[in-house]
Every structure is written in C-alpha cells, then in structure tokens.
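Shared between the two complexes below is chain A, which pairs with chain B and chain C, respectively.
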Partner chain A sequence: MSLLEIQNLGIDIRVNGLTNRLLHEVSLQINSGESVALVGESGSGKSLTARAVLGLLPAHATTHGSINLDGTEILGASKAALRQVRRTTAAMVFQDPRSSINPVRTLGAHLIEPMLQVPGSNRAELEARAVGLLGSMGLSNPEARMKQYPHELSGGMLQRVMIAGALMNDPQLLICDESTTALDVTTQAAVMELLSTAVRERDMGMLFITHDLALAASIADRTYVLRRGEVQEAGDTRQIFTAPTADYTKKLIASTPSMRSGPAAGVHTLPSTEGAELVLKVENAFKTYHPSGQPAVKAVQDVSISIPAGGGLAIVGESGSGKSTLGRIVAGLEEQDEGTMTVAGGQIETGSAKERRLARASRVQMVFQDPYQSLDSRITPAKALERVLKLHYKLDAKAMKARISELLASVGLEEKHANLLPRKLSGGQRQRVAIAKAMALNPRLLVLDEATSALDVSVQAKVLELVNKLRRENGVAVLFISHDLGIVGEICDELVVVQHGRIVESGPTGQVLNHPAHEYTKSLLASVPRPRWAKDEPVREPADNNSY
Partner chain B sequence: MSIQEAPRKAISRLSLHRTRWGLLISAIFVVVVILAAVFAPLVSPYPPAAVDLLNVNSAPSAAHLLGTDALGRDTLSRMIYGARTALYGPIFVILLSTILGVILGLWAGWAGGIIDAVITRIFDIVLAFPALLLAILAVALFGKGLTAPIIAMSIAYTPYIGRLTRQLVSGEKNRQYVSAYQVQGFAPGWIATRAVMPNVLGVVGSQTTQNFGYVLVELAALSFLGLGIQAPAADWGNMINEGQSALVAGNFLPAMIPSLAVVLIVVAVNSIGGWLSDKLGDPFA
Partner chain C sequence: MAQSNLATALPPARARADKESTLLANLKMIAMKLFGFVFTVFISSVIVFFSRWLVPGDPINFLLRGRSPNPEAIAEVTAIYGLDKPPLEQYWHWITGVLQGDFGRSLQYRQDVTDVILDRLPVTLGLVVMAGLMIAVLGLAAGIAAALFRGSWIDRGIIAGMSALAAIPSFVGAIVLIAIFSIQLGMFPSFGSGEGFGDMIYHLVLPSLALALSFIAVVGRVTRSAMMEEFSREHVEVARSRGITEVAVVFRHVLRNSLGPIMTVSGLLVAGLLVSSAIVEQAFGLAGLGSLLVSSVDRLDFPVVQAIVLIVVTAFVAINTLVDLLGPVVDPRLKAGKGAR
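On to the complex of A and B.
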C-alpha cells in the first residue's frame, strides 16, 4: 500500500451555474521515501491536486474518486479527521513564504503554535525541536532566530523557516507547491538540496509541484505530466525526460532551454553584428538610491555596456543586483547619477521636454515582466496601439487602421484580438500586445525586463522566437534582462553578469556559459537545476560546442 | 476613531445591500423619491403652502392622506416638495466635493513630495472641523438659504474624496502600465488624467454615494436648526422642526413622517452605495 494513493480523482467547480471540470480521472501514487514531481503549465490543475490531498478545496467544489493518505480517505472526511491528517501525516510548503507567514508573529510562534494545538504537547520540547530544525535548515544561530520576525529574514531564509515549520509534525508526506519559484537561482539550489536531504533522512514521501521541468528532473524519482486536468504521461523521471512518449511532454521539453543539454547549447547563430554602429553605449554609469531612514543602496556602480545595431546583450543577475535599474535607466525611466549614455547615435539633450520624450521613445522601447500589470486594463490592443501611433505620427484613419493590423499580425495576433480587453487575453497574447506596442515606434533598441519570466514555458518559447524574428527582420537591438541563465543563450550573443550593481563578468554568451571565469558566474551556473542523472557526469563538455 | 467619525460610521452601517430584497426595495424607494421630486407639481394633491384652516393637525383622511400640520398644510404635499430640497442639496455637495477632491487627490498622489505634503495637511485641517460647524459658520457669514451651506459642506466633504483618490493614485502610479506609458513618450499630465484617473474613478464613485447619506442628514439637521432652507418652503428638516408644535398638540405625524423619510432615504442610498462598493471592490469599505 502506497503512502498516498489517488485514484480517478475528478474535481468539478460550479461557477454561476456552470460546472467546470478541472481535474479528470487523475491517478497518482507516492511511496515512503519517494519524491514525485507533478509538472504542468498554469491552469493544469497541479495545485488543485495538491490542495485536494490536504482537504483544502473550495466549498463549491465537488469531487469523485478517492484520495487515500496513509489509510485515511480524504474525500468526504470529517473536519476533525482532516485536522488530524494535517497534524500528523502531511504538511505543505507554499510558493511565496512572505505571504504565507503571519508578519506580526515571531518565527518561534509560527513554528510552535500549530503544534500546541495537539493534545499532550509540551512547549519546551517543541521549542527544542524547532531550534534543532532551524539549525538543520542551515540557519545560523537558531535560538536567536526564534525571536525574530519575518521581515528580518530574506526570502530564501524565510522559505527555510517554512520548510522547518512543515517538518515540525514529522510528516510522512511533504507537499511542495512551487516552493522555490519565488527564490533566486542560487537560493533555489540550496533549498532544493535541503528538501532532498530531508526526504532521504526522514524517509518521507514528497509531492513536488512545479512548472519547471529542469527542477523536477533534478529532484524527482517519478514524474507526472499534467495538462488541463489530465495526466499526459507518468513514469520514471529519467525515462520521461530522455524518451518522452506524449506529444505534450515532447513539446514542453523542447520549450525548456535548460532541459536540452546544459545552458550553453541553445546559442543562436544570428547575423554577425561586427562593425555595426552602436545602438546603445553606456559608460561608467552610477545610480544610488537614498531611501529615507535606511542606508543608501548602490544599485548601479560603474557599469559600461554597449550594443551594436541588431545585437543582443543579456544582463543576468539575482534580485537586488541592479539589473532592472540599469534597464530602467536605458529606457529613460530613471536618470543615472553619473556617467554618459548615448542611444542610437546622439545624446538626447536638445529640444523641449516633449521633443526629448518623443525622441527617446522612438529610439528605445521596453517590454515589462508581467503583462497582467503592464497593459492598461481598460484599453483594448487596438486602442492602445492607436494612442501610441497618434502621439508619434500623423496618420489618417485608413493608414492608422492598416498600421494597427500590420503590427498585430507581426506579433502573431489575429484581427479578433484587436478589440478584446486585456482580461480576455491569455498571458502570452498580452505579452504579444506589449511587444506590438513597443514595436509600433520602430525602435532601434528593445529592453526586455524579465519579459518572459511570468509566462508558461511553451508560451515563453514562442515569445523568444518572436523577439528573434524581430531582431532578424527589423534589425532591432535587444537588451535582455533576466535571472535565468538557461534562456539567455536563446536570444543574446553577448552576456553581462552583474552582482551588487557591478559587472563581474562579460563576454560572448557561449564563452561565458562554457568557461565562466568569475566565482559568482560559476555559482550561478552550478545552481541551474540539472537532471539527477546528469549530476555525476562532467558539468559540461569543454567549448568545442560548435553552435556559435 | 475621532468623535466626528463615530456618527459617520453609524450612519454608514445603515445598509441593506447584502440581501437581494433589501437592495431591490432600496432601489425602488430611491427611484420613487426622485420621480416625486421631479414631478412634484403633478403628483402632489395640494400646493405645499396651501393652508386648510378647517383641518388643522388632522389625522390621515381621504382628503389628506398623511394628515395636516399645525397650520393645516397637507403633509403629503409638503413631503413631495421637500424631496426636492432633500435631494438637491446632497447632489450638489457630492458633485462639487467629488470634482474638487479628485482634482486635489490626483495632484497630491501623482506629484508626491512637497505638493502632496501641503495638500494632505490642508485635508487634515479641514477634516478637523465638523462639516455641520463649517456650514453654520458659512450661514453666519453669508446668510441663510441653501447656497452657503452647500459650498461649506462641499469643502468639508472634499478631504474624504481627496484622501481616497490620493491613496489610490499613489498606489496606481507604481504599477507597470504607468511605466509603459512613460516609456512610450506620453506626457506625465496625460498619463495622470487619461490613464490613472479613469482607473480610480470607479472606487471613488462608490465612495461618493456613501457620502450622500451623511450630507443629507447634515443638511436636514441644518434646516431643522432653522439655518437652511427657510419657511415657508417645504423641506424635511424644516418639517421636523415645525412638527414639534404639532407634537405638543398630540399629533406626531407631521414630525415623524419627515424623520422617517430621512432615515429611509439614507438607508436606501447607502444600500446602493454598498452594492456599488462590493461590485467595484472598494479597498477601504
């Protein structure tokens, strides 16, 4: 008998009298000591499955099938029985530690209080156990941590506390729902290490839910691929990733750059930009913020970068590295304190405020991370494009209409999308609208600030393809800001690695990825999740990689 | 909660919007009062000031459906004409205070810094005065009638709208879509008025309907004190005041009917406002 046995689980949700089937006959088993990954894109039902295991479904959901957790049937169980299961058998670690912890209670309270509810518990004993767990999570000075508040810890440290909290009741099953998605890549690597150690040492079962195939491959013994509430493929992780049988799995793997072979493999060959004129030249830029009552933040320190026409430069770094600030300076959203910046030839200093604004806009455009945030929610794509075009060009009604259609077509949107409000468009479609808006001005330089990181992998691949097409066809240069070393090779020939606002390494993408010189670059590369079976093999073939 | 906030809170709890029937009845009631006010000369059985000396302080009868007051005036007719001033005052106050509040709040929230500090302090100072006190002061300075109190109350209610707008705008301006407009070369003033303002107006609009009830009560109080609309014009606050003499004579209707009307219209308008807030997601409701 497995630890967790889900059989033909179906979940329906009734909204406004309509029944939506969100999960179709999902079957899944986890044995003690086994790590099982559940992968899928947004809306595939993976989180719903996890929540069902803990009996955390919304009240208007109806279920059929069976979830047997260590001998207890979860579906239809009484509240008391569910409480018992959550206290003793299973625990869950959520995506964003900051929003799943009470900010006004100490970490000690977070760890101990749920356990005090259990009859016969003893505070001193619990405190000792909590301190021990915090120590084993690699947190220094665990006794003092017990009295700290969540805001005193970084996201990575807080997620360790959350894992410690999940382990307090010595669960037999640990459910991790995108538990490392909000973390930086080096922190993610450390947390993944902790999780696999915990599973091994405690002989727990783990259900690991993620959208990141590489991450699943790095931790799971077996993997289930979920799509629109149906299991597409299930089996041994290595089997699935090396020899997928379902078309959907194949497509997912093809869309994940780092799942191919090491981050450097996907370097695209684009027309040589040697000798081309420089579109962007930033020299010795500095930017320091002075938040009131806090020490100054040196966001950008002595940074010099340049991009030739049609070139692609990636800036890679973790959160707080200053990479977004640099992008905002280039796009004109912030002023640098010191240093010079020239965009597409001349400096933009003459003329009225309006002329300068328009001149800059026609040279540099930007696409933001989250298309759900960066589009005005009340404006349709056609209207948004019309506004931009009206501001910059004098077009008659007919030419305007033609240009809008042309722009939408160039990003792969259809006529029917033109008059839909953003909330009716998918994430990928929205990001296409954002790109169409940016391309409306025929800019020489496109700044992409994490422009694909909020998208599902298959959508991300399409958006990257679109950007490459625009580079080839319009000769637009790209400044690609990302935390993900796996995808920069897809799009950029040059790579700059930043840490604490400084450039620590730069060079051709293939060279930096294959022969990192700086310690920080090496640690970033080592943190890119790699399949378990590849871990013992040499990290990467020396650079006779002839793809660049 | 300050002393002035207490009655505001109490008034705003008078709402039926969480039940479908409550909301429906409220909406019907508001529509009936509006229609009565608009078509007063057509629907009221007597002119509001017509005196029937043979029927003084009479109980409801076929001739006078809601009875008469101490001067023999038909209560129903006066109620219908009174609805005009009851709605007219608050509508003006709401319009003026919303326009003023949105302009100042948008300016403060968008500009930030010293402009924000100055405007916010002015709001705080105005909030320190009870609206009714400002209105009485305005009457003392500019004379009785409806104009002075309406202007004074508009100023008194501006900070409620202004603070809400400022808070919404300063949150909104850090959203990515604002950066996206900036990158495309749109002028800051354009972004503030054409992109940000429409995005906050829904929430502000639902707040204004909540203010309607307070303003109505305060204007009624003003005319109860004899400082608002002057006799012989019909006004609910006035009627409550004049009803006191009938009350002494043993006839409670001339005072009670307008009192009841004030309570009902406030509950009805609050219900609609509460429903709007729920629909539009007022974060401060």
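On to the complex of A and C.
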C-alpha cells in the first residue's frame, strides 16, 4: 500500500448553476521516501489536487473517486479526522511565504500553534523543538527568531520558517505547492537543498507541485504532467523529460529554454546592430532611497549601460539588486540622483512638464510584470489604446480605428478581443494588450520589467517570440529586466548582471552565460535548477551544453 | 551551494543597537502623537473660544434681560464677566482658568460652569459608556456571526437588519423603544436618570440602547467586511491546512487581524456618539451634558457651550490618539522605524 493513493479523483464545482469539471479521473501514488512532481500550467488543477489531499476543497465542490492517505480516506472524512491528518500525517508548504504566515503573530506562535492544540502537548517542549528545527533550517539565532514577526525576515528566511513549521509534527508526506516560485534563484537553490535533505533524512514522501519543469527534474523520482485536470503523462522523471510521449509534454519542454539542449537552442541571433546609433545611453547613474527610520538604500550605484537601435540588453539580478529601479529610471518613472541619461538622441529639456512627459513617453515605453494588475479592469483593449493614441496624435475616427486594429494585430490579438474587458482575457492576452499599448507610440525603446515572469511557460515563449518580432520589424530596442537566466538568451544580445545596485559583469549574452567571470554570476548560474541526471556532469560547457 | 549567508542574523552588537534604536523610535512616535493631541486640542480651544464673536446676539443683553438698559449697569456687568478686555486677553484668561479646572461662570445658572457640568457629567458618561459597551459587544457579535455564516440566510438576515438599524435616527429608535419596553412591557422606565448608581444604570438601559442602535449597525458591517477580507487571505487557508480548529482560525487569525480597521472606525464613531447623546437625553428627559448644551446654546450661555464643546472635542481627540497608539500593538508591522516589507 502506498503512502498516498489517489484513485480516479474527480472534482466538479458548481458556479451559477453551471457545473465545471476541474479534475478528471486523476490517479496518483506516492510511496514513503519517494519524491513525486506534479507539473502543469496555471489552471491545470495541480494546486487543487494538492489541497484535496489535505481535504481543503473549494466551496460548492463535489468529488468522486478516492484519496487514501496512510490508511485514512480523505474524501468524506469528518472534521476531526481531517484535523488529525493535517496535524500528524501530512503538511504543506505554500507558494508565497510572505502571505502564508499570519503577519501579526510571532514566528514562534506560528510554529507551535497546531501541535499546541493536541491534548497533552507541552508548550516548552514544542518551543524547544521549534528552535531546533529553525536551527536545522540554517537560520541563525533561532531563539530570537521565535519572537520576531514575519515582516522582519526576508522571503527566503520565511520559507525556511514555513518548512520548519511543516516538519514540526514529523509528517509522513510533505506537499510543496510552488514553494520556491516566489524566491530568488540562489535562495531557491538553497531551499530546494533543504527540502531534499529533509525528505531524505526523514524518509518522507513528497508531492512537489511546480510549473517549472527544470525544478521538477532536479528533485523528483517520478513526474505527473497535468493539463486541464487530466494526467497527460506519468512515469520516471528522466524518462518523461528525455523521451516524452504526450504531445503536451513535448510542447512544454520545447517552451522551457533551460530544458532544451543541443545546437538548435543557441543564443538568439538578430541582425547585427554594429555601428547603429545608440537609443539609450546611461552614464554613471546613482539612485539612493531614504526610507524614513531606516538606513539609506543604495539602489543604483555607478551604473553605465547603452543600447543601440534595435538592440537587446538584459539586466539580470535578484530581488533588491536595483534592476527594477534602473528600468524605472530609463522609463522616466524615477529620476537618477547623479549621472546622465540620453534616450533616443538628445536630452529632453525643453517645453512644459507635460510636453516633456509626452516626448519621453513617445521614446520609451514600459511593460510591467503582472498584466492582471497593470491593466485597468474597467477598460477594454480598444479603449485603452484609443486613450494612449489620443494623448499623442490627432487622428480622425477612421484612422484611429485602423491604427487600433493594426496594433492589436501586430501583437497577435484578434478583432473580437478589442472590446472585451480584461477579466475575459487570459494572462497571455492581457500581456499582449500591455505590449500593444506600449507599442502604440512607436517608441524607440521598450523596457520589459519581468514582463514574462507571471506567465505560463508556453505563453511566455509566445510573448518572447512577439517581442523578437517587434524588434525585427519595428527596430525597437529592448531593455529586458529579468531574474531568469534561462530566458535572457532568447531575446538579448547583451547582458549585464547586477548585484547590490552595481554591475558586476557585462558582455555578450552567450559569453557571459558560458564563461562567467564574476563569482556572483557563477553562483547565479549554479543555482539554476538542473535535472538530477545532469548533476554529475560538469557545469555548462559551451561545447556540449548550449542551452542558453 | 547553500547560500548560508542569506540566513545569517545580525551580529549581536548590531542587534542590540537595533533594539535600542527601536525603543527610541517608539518613544519618539509616542511623543509625536501626544504632541499632535495637545496641538489639536489647542487649535480647537482657539476656534471654540473665538467662534462666540461669530454668533449673533450679545451675552450682555441676555444677562440684563427684562431690565432697563442702564449704561452703568451694562458697564458693571461687562466688567464682572471680563467682557471689556481685548479678545486675546479674554482668551488667555479663559484658557489659563480651564487648565486649572475653572471654565468661568454660567450666565443662566449664575454658578461656576465646572459645578454645572459636574452635576450633569455622570449621566452622560454612563450613557456613553453603556452605549459603547453595547456597540462593542453587539456590533462585534453581529459582524462575527455574519462573517462566519457568510452567504447564508443568517448573513443576509443580519445585513438586512443592520441596514434597517443604520437608517433609524436615534430619536425614532428612542420612541419605539419607549413604546415597546416601557409602555407595553413596563420593563424599563422611560424618563429621568434615577437615584444612586444602580438605579441610574437601570434608568439608562433604554437610552443607551436607543443611542447604540445605529452604531451597532456600523460596527457590525465594518467587522463583517474586515473579516471577510481576512478570510480570503492565504494565511487563513494555511492555518486550516495545519489542522488548527476553526474556532482558533476565526478568532486568532481572522478577527485578530481585522482589529485594525474595526478600531479605526470605532474611534471615529465616538464623535457621532457624543452628538447623538444630546438627542437621546432630550427624548428620555435625562439631565445630561447634551440637554445642557442644547439649552445653553438657546440662551447664549457661552461659557457653558464653550466648556462642553471643548470637553467633547478633547474626548474625541483623546480616544483617537489612543487608537493610534494601539495601532502598533494590534499590527506589529506599523511599528516605528520598520517598514512593512
């Protein structure tokens, strides 16, 4: 008997009288000591499956099939039985540690709360165990941490606290739902290390849910690929990733730059920009923030970058490296303290504040990370484009309509999308609308701030393709800000790596990725998840591993 | 490969320095809030005092009502009440007196204002405190119940009931309560404030309820919406996923986190409570500050009006300063010197 045995699990949900099938006949097994990955894109039902294991079902859901966890049937279990399972048998680590821990209670209270409710528990004993676990999670000063509040710790440290909390009751099954997605790449590597150590030492079973195929390959013995609530493919992880049989798996792998290998996946090449005029020239820029009551934050220190017309420059760094501040300075949303910046030839100095703002907007446009938040939920794409165009051009109704259609077509949207509210559009479609808005003024430079991070891999691939098409056809230069080393090669010829507001390394993308010179770049590259079976191979040699 | 440096804490010396600076920042924050309190009350005292010159009617005429306007008598009374001095000097005289508990003399009672007010204060204080307790207990209970059974008929019933309550002016509520509980059922007296402490409480039950009704609705709705928002937070689901009982989830993770907005709104409600108390006192024939204020305005008894308005404003500002000071206790992210990251 497996530790977890899910058989023909189906979940339906009734909304406004309509029944939606969220899971179709999902079967999944996990044995003690086995790590199993469940991969899929958003809406595939992977989180739903994970929550169902703990009996956390959405309201108005009906289920059929069976979930047997260590001898307990979860579906239809009593509240008391579910509490028992959640306290002793299985524990879950969620995606965003910052929103997973109650912000107004201490970490100590978070850690011991469930076990404290078990009759006969002893607070002092539990506290001692919590301190021990915090220590084993690599947190220094664990006693002091117990009295701290979540906002006093970084995201990586909080996720360690979450894992400690999950291990408090020695569960037999650890469920990780995108547990490292919100973390920086080096932090992710450290947390993954912790997770695999914990699973190995305690001989736990692990259900690892992720959208990141490379991450799944780095930890799981077996993998299930889920799409729209159905298992597409299941089996040995290496087998699935090296010789996928389902079309969907093949497509997913093809969309994940870091899973590809071989010469075909070399650095993206575009027409040479040698000798072209510069559209962006930033020299010795500095920016320091002075939050009240806190030490000054040197977000940008002595940074110089330049991009030729039609060029692509990637800025890579972890959170807090100042990469977004730099992007905001280039887009004119922030002013640098020191240094000079020239955008598309000539500084913008003359005219009223409004004229300067418009002049800058017509040269540089920015696309933000989350299209769910960057679009006004009450405004249709056509209306949004019309507003941007009206601000800058005098177009008659017919010309306006034609221009809007042209813009929507250029980002791969159809007429029927023009008058839909954002909530009717998918994430990828929304980001296309955001890009269309940015392209409406024919800017010379497009700043993409993590513009694909919130998207599914297959959607991300299409959006990157779109950006490349715009570069080719409109000659727009791109400043691509990202934490993901895996995708910068897709789009940028030049790369700068920033840490603590300073550029630590720069050069052609292929050269930096294949021959990193700076320690920080090396550690970033080493932190990119790699399949287990590749672990013993040497790190990224240009000859045999050209996946960037 | 594990980035252990990411998890290292501050060295002890820096941690200690941090602790000291946090303490200092806390003291600084408290000092700032108290300064704000004193400053607001000072500005209010200026407005309260000088607004007398904006009101039509001369207090002298009231004092001499029914008597022949003999110039000498006018001059004498003017001198007694200090009305011949320049306004700034009058203010100085008044405010220094107030700081020593002397609000001047009432024109209509020919007594010290302080004595007049102290006579009436217990009734109003009892009324407001009892209403406050009812608002806190019933408002929170209604909000918690609605949030717990969100979407069900209990929730809908509570919302409908609260909307109706919020729409009832307190004088109408007073009449309805009197009609039901004193005339029909004869459970509570409908008039006066009784003798002695216990009797006063008994006499104040209906007035407090009449005063509290619409505020119960406001607090109930704020509680419900704050809790609904908190229910949708991920940490609540995490708490459930860890086998924490639903009662603990509701009280420790949902209600506890909703206290901030509930407290802020409650603090602001105090102003309305003090104002409405005047109406309720009138309806129930209570000799409190509210009815005193109404009759004093009527008779241009400006020393009494000024004193009551200043007391009410001070009470309002004091309660909101207290709410502000409690903010960081309720939500540690608000602590001075630490941004919520």
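Definition applied: the second predicted complex is superposed on the first by the 534 of 548 C-alpha atoms of A that agree within 3 Å, B and C clash if a C-alpha of one lies under 4 Å from a C-alpha of the other, contacts with A are read in each partner's own complex, and residues count from 1 in each chain.
The working rule: a residue touches a chain if its C-beta (ideal position, glycine included) is under 8 Å from a C-beta of that chain, and two chains touch if they have at least 3 such contacts.
Here the structure is a predicted model, which means the values were calculated and not measured.
Peer 1: Report for A:His392: first if it touches chain B alone, second if chain C alone, otherwise both or neither.
Peer 2: Only chain B is touched by A:His392; chain C is not.
Peer 1: Who does A:Phe368 touch here: chain B (first), chain C (second), both, or neither?
Peer 2: A:Phe368 contacts chain B only, not chain C.
Peer 1: Quick check for you: in the superposed arrangement, does A:Ser100 touch first (chain B), second (chain C), both or neither?
Peer 2: The answer is second: A:Ser100 touches chain C but not chain B.
Peer 1: For the overlaid complexes, name the partner, chain B or chain C, with more touching residues on chain A.
Peer 2: For chain A, the partner with the higher number of touched residues is C.
Peer 1: Taking the superposition on A as described, I'd like to know which of chain B and chain C A:Arg378 touches: first, second, both or neither.
Peer 2: first
Peer 1: In the overlay, answer first, second, both or neither for which of chain B and chain C A:Thr187 touches.
Peer 2: Touch partner of A:Thr187: chain C, not chain B.
Peer 1: For the complex, which residues does chain A have touching chain B?
Peer 2: Residue list for chain A touching chain B: 328, 331-333, 354, 357-358, 360-362, 364-366, 368-370, 373-378, 387-388, 391-392, 434, 437-438, 441.
Peer 1: Within their complex, state which residues of chain B touch chain A.
Peer 2: So the residues of chain B in touch with chain A come to 175-177, 179-187, 195, 198-199.
Peer 1: Going by the contact rule at the top, pick out the chain C residues touching chain A in the complex.
Peer 2: 1-4, 6-9, 15, 25, 233-235, 237-246, 248, 252-253, 256-257, 330-333, 336-341
Peer 1: Which of the residues in chain A end up touching chain C in this complex?
Peer 2: 51, 54, 56, 79, 82-88, 91-92, 94, 96, 99-105, 113-114, 117, 137-141, 144-145, 149, 151-152, 154, 156-157, 160, 165, 186-187, 189-190, 193-194, 291, 293-294, 523, 526-527
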